[in-house]
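Structure first, then comments.
To keep things simple, chains are lettered A, B, C and D as they appear, and every chain counts its residues starting from 1.
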Amino acid sequence: MAEVIRTLILRREFWEINLSDRIKKIFKNLKEKNNKALISFSVAGFPDDQTSLEICKVLSDSGVHIHELNMPHAEAQADGPIIQLANIKSIKKGINLDKIFMIAEKLRLHNPNLGICLMGYLNNIFIYGIEKFAEKANKAGVDALICVDLPADVKEEKQIRDALKKVGISLIKLITPTTNENRIKEITMDAESFIYSVNLKGITGVKTVQVNEANQQIDRIKKYTNLPIVSGFGIKNPQDAKEIAKSNCDGVVVGSQIVKYIQENIDDKNLPQKVGSYVKTFVEVLK
Amino acid sequence: MAEVIRTLILRREFWEINLSDRIKKIFKNLKEKNNKALISFSVAGFPDDQTSLEICKVLSDSGVHIHELNMPHAEAQADGPIIQLANIKSIKKGINLDKIFMIAEKLRLHNPNLGICLMGYLNNIFIYGIEKFAEKANKAGVDALICVDLPADVKEEKQIRDALKKVGISLIKLITPTTNENRIKEITMDAESFIYSVNLKGITGVKTVQVNEANQQIDRIKKYTNLPIVSGFGIKNPQDAKEIAKSNCDGVVVGSQIVKYIQENIDDKNLPQKVGSYVKTFVEVLK
Amino acid sequence: MTKNSLKNGPDEFGYYGEFGSRYAPEILMPNLIELEEAFNDAINDKKFLDEFNYYLKEWIGRPNPLYYAEQLTKKVGGAKIYFKSDHLNHLGAHKGNNALFQILLAKRMGKKKVLCETGAGAHLIATAAACAFKDLPCIGYMGRDDIFLQSTNVLKAKLFGAKVIECVDGTGEKGVLKDACTSVLKAWSSDPDAFYCCGSAIGPHPFPRIVQYAQSVIGKEIKEQILEKEGRLPDAICACIGGGSNLIGAIHEFLDDKEVKLYGVEPEHSAALTNGTVGIMQGFKSFMLQSETGDSTLATQSLASGINFYSAGPEHAYLKKIKRVNYTHVSDKEAFDAFQLVCKTEGILIAFEPAFAVGYGIKLAKEMGKDKLLVLNICGRGDKDIDTAERILGDKLE
Amino acid sequence: MTKNSLKNGPDEFGYYGEFGSRYAPEILMPNLIELEEAFNDAINDKKFLDEFNYYLKEWIGRPNPLYYAEQLTKKVGGAKIYFKSDHLNHLGAHKGNNALFQILLAKRMGKKKVLCETGAGAHLIATAAACAFKDLPCIGYMGRDDIFLQSTNVLKAKLFGAKVIECVDGTGEKGVLKDACTSVLKAWSSDPDAFYCCGSAIGPHPFPRIVQYAQSVIGKEIKEQILEKEGRLPDAICACIGGGSNLIGAIHEFLDDKEVKLYGVEPEHSAALTNGTVGIMQGFKSFMLQSETGDSTLATQSLASGINFYSAGPEHAYLKKIKRVNYTHVSDKEAFDAFQLVCKTEGILIAFEPAFAVGYGIKLAKEMGKDKLLVLNICGRGDKDIDTAERILGDKLE
């Protein structure tokens, strides 16, 4: 264990120099204005490749600071039914990492300032090849990766971290209400760009958020890091977002609500624009 | 065992004096004419008390020598479905031993020469009371009893034998193809009036008879007794009866066929007469 | 053989006091005598007994545990309750002990075919399975209503290669265990070369004795196990009773131990020993639920098909007469409540039959006091009964 | 711990070679670590192990026999075939060994609620029963299709007091074991205070290790029993493999005995170890039947629901890689023929799952020669499968 921690410390030093600049700047700017980041989420390839790209573009135009682009996985262990269904539909239409990188790249060309974060499960990356993944992600202009089933405890964590580091992409860490002090200490030591703080015990899209709980969680993390903390899970409407923004967080994630909205308006010809207007209602309350 | 056999021998002596005269005479007369006895069978109380009496009367008028009047039992272990159904129907109409004695008595009044043999299972007699049964049977003019589930091995056999002996009724014994020599010896020692020889391995009313088998069986019995032997089980039509009559038997039993015939003509207003005509076809072939 | 021991079996004529013996048609007498001789010969043949014990261990899976039902004991708050676990036997009931014994005997006698009767089907599957592994054809007689109610057991028997014959009463209207008994006796009369494997401690002598002998392994194990666990005999043993094989099996070893109280529990509406009169049917004399004239049985009813029988074995009639065993009854509801309670407290799905023993056992345990030991004989598992349980519980099962 | 022993379990990070470990969302990590610590603590606590062994004996009914299948051996005409009889266990399968262990562990950890996944329902009823007798609420996750196919197991679980939750895949169109696995992991993520009782040697570390530990009682008994009966180790052991718990249980004790050949038999159309590629899903790395991109599992099919799984536990992936165990597969038809053959020759109704082991075992026995010893692991009884058997046999079942 001592050795593991030593490695972690070494890594940390390395990281201080190589942090993804774009995301660092986003939070720095917001901080100066005393504002909070809005982080949006959508499923790559849902409802289809082209539309999912359009949605991302519109989101970035609507005032979102960071966008999480989900790489679909059928057995997603930590996602609710709304996202899972979108995942499966996208998989059935033939989504894969190459297509996802294409979407990311076009989004990057559309908006050079947006934080682009890929999100998903390890297996897609593992099968694709870790090195190749890092290179392609970098080429596509991706800033960060959230990998749900990649705790520091598994072999691939270091492999991925190293590969990403080479190309300047950060590996975003999650902290949940069950994560104890010790583990928070270790995770924060390892973390880059920002911390993803899960408000609720539970999977996405099923419960509602409470500002007190969120703050408790954030305060536990702040003891160990100065990294920005974004608060996610359970934000159902602009009201929730406004509430959470009152907490000590640095940003708010709106995830399954957006996917749900897409789902509900899936036949609408102006779907991307509608999603854009919808997200603006969140942007508004955070101003 | 030695003691049991001693008792049996004692009994036999006793029996030589007390044999039921009527049946003895029937066989004696037939023997003189080189004829065989026809033994008929019907279920008391089937299809109802009155009709079952009428049937008995007509049978006795039609040339039958001995009639077996069945005392219905619902769980008859050694009867086929035809007789069993008649049993149950009769039971449902409320047959009981008192009524059966009434039928027997009226039959006796109608025909003083007919051999009347009650047939059935022990439990009816056991519940009624053995002594009382013997007395009432005697009063009704019954000559003999066949009790299907009363081997020499059970306690009630001696009780019933003794009770019947007192009133001069014989206990008829069955011998089947499975009865071995030793047992035939013991059974014949104990037998009275006539021996009931079962032709077939099996229950009544299901198989057809073969004269060779019947003879084999009869010959085995003749080694140990001079009593008349009637051959039964499986006689389906006058042809069968004629066949069997060719054997060394002294009489032929027509059982379930008569019950079946009654069953088939149950709605006929002249049922007893029809049964009479039917039985005459058997009487004819035996002449 | 100890003089005056209640464990000596019937007298030389097949009687337990006034009960039992063989009220059989002549056609079956030679078979019964042959069987009796073969049985007496077999139980004096060490090789045969070794074979029986070998398969009891290796095939049936004996000895099964004498399980301290701690949670149930706590819940009831009385005597310490032990379960004798015949529900863990191969094929799921005590019936296998007996079927195994008789099929080994049939094989030893050189028999070429086996007949059996069945109620709930437990004896059928046990006989069919034993016949399969001893390579004998098996024909099972089963009431039409039981075939319908216990269709999975019929299927199992067929998978073991048995033929199943539907039985009805004289009217052809319904068919239950007693009709299967009557039918198998008829079939045996037609086919006396066959071996008849009788499923309970009933029927003509020597069946009650044979079945008692085979099932007594239960009580022998109880005795050994309770002595090991508690250093003393139990204060009471309680089992359900249909024909009486699991009860006699559980208690036979204790008949001379007068300090051990013995209980036989019948279903309320087929309580032959409590409410019956002495009669003679299907080859034996015992207490029976019968018509006044003795010409038929009365209709009986029970949640548990396996103990829905108009009579009980002759040894029980005798043990009742001499007051060695207390025969009593509980209602379907009490049994069903006990069934659920054992599921919930012990995680054991018992059959409806032993649920009657548990139903009474609960009341008994309460009266007995905490320093007492009560053994309940769990003679079968309840897999066969869950559809009925579902029907009874309906919406309550969530 | 012997150096270089294959029995040492995973390394300190939860890996068997490159396979295994815990690919879990952060929300579950503290639980997994807590569980690992609790497990390591428990297996060094004599009192806990005594309790486990006590209930293995008294409640599950262990040891079960190592049965010489003489008739089958004769029929096949090759190696001497032994059956390890987990079909005789309480609740009818090996799953009880593991459920019992984990529920005792949950109790020891002070957990107040239990979740489990299930395929055929065997693990569900085992967990529900263990929860009943340890007084813990139990919630079972089961695929919608499996609920339909294994409705009696659902009923049993409910009688033991469990709640059963229907699971479907992402489309909501169907639901099988893998969907139950995904659902229970989600449910646990939402309710991390609960104890998750994993049913096979799969899932994130430490589950494969815990399940292997609990099931190893099977192989320990095999070793003891074969030494007693034959004075030597078997030449081969063969078991079916779904997640891999009965197989690892049967063979773990023999991993260092290189002269004992080991076989794992998968269904032809869910043969992850034969046809799969390395992947990471549901918390562990192993061979998997998965799409080229790794974003989903492939549809699998098997006569036996319990082994119809897209992957197998990580220890098996490792044992395949180092060639210690031979993984192979047989068709549904071969398994069904074996199922019938065992019914007819041994009078034992085995489950469809072990029928795959028997199906391969028959071929193996023929190749092995008469002086060899082959142990087949009969991990469950077939009561649950007779409706399907009836459907397959149709008119042929007379």
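By our rule, a contact is a pair of C-beta atoms (placed from the backbone, for glycine too) under 8 Å apart; a residue touches a chain by one contact, two chains touch by 3 or more.
Worth saying up front: this structure is predicted, and the values here are computed from it rather than measured.
In whole angstrom, the spacing between the mean C-alpha positions of chain C and chain D is 35. Chain B and chain D have CA centres that are 67 Å apart. Not a single residue position of chain C touches two or more of the other chains.
For chain A, residues touching at least two other chains: there are none.
A linear topology is adopted by the chain contact network, the touching chains following one after another without closure. The set of touching chain pairs reads A-D, B-C, C-D, using the touch definition from the header.
Interface residues of chain C, counted against chain B in their complex, comprise 13-15, 18, 21-31, 169-172, 178, 181-182, 185-186, 189-192, 277, 279-283, 290-297. Residue ranges on chain A touching chain D, taken from their complex, read 71-81, 84-85, 87-89, 91, 95-97, 121-124, 126-128, 148-151, 153-156, 173-180, 183, 187, 198, 201-203, 206-207. Touching chain C in their complex are the following residues of chain D: 57-59, 61, 64-65, 67-68, 71, 85, 87-90, 92, 128-133, 135, 152, 155-156, 158-161, 163, 340, 343-349, 383, 386-387, 389-390, 397-398.
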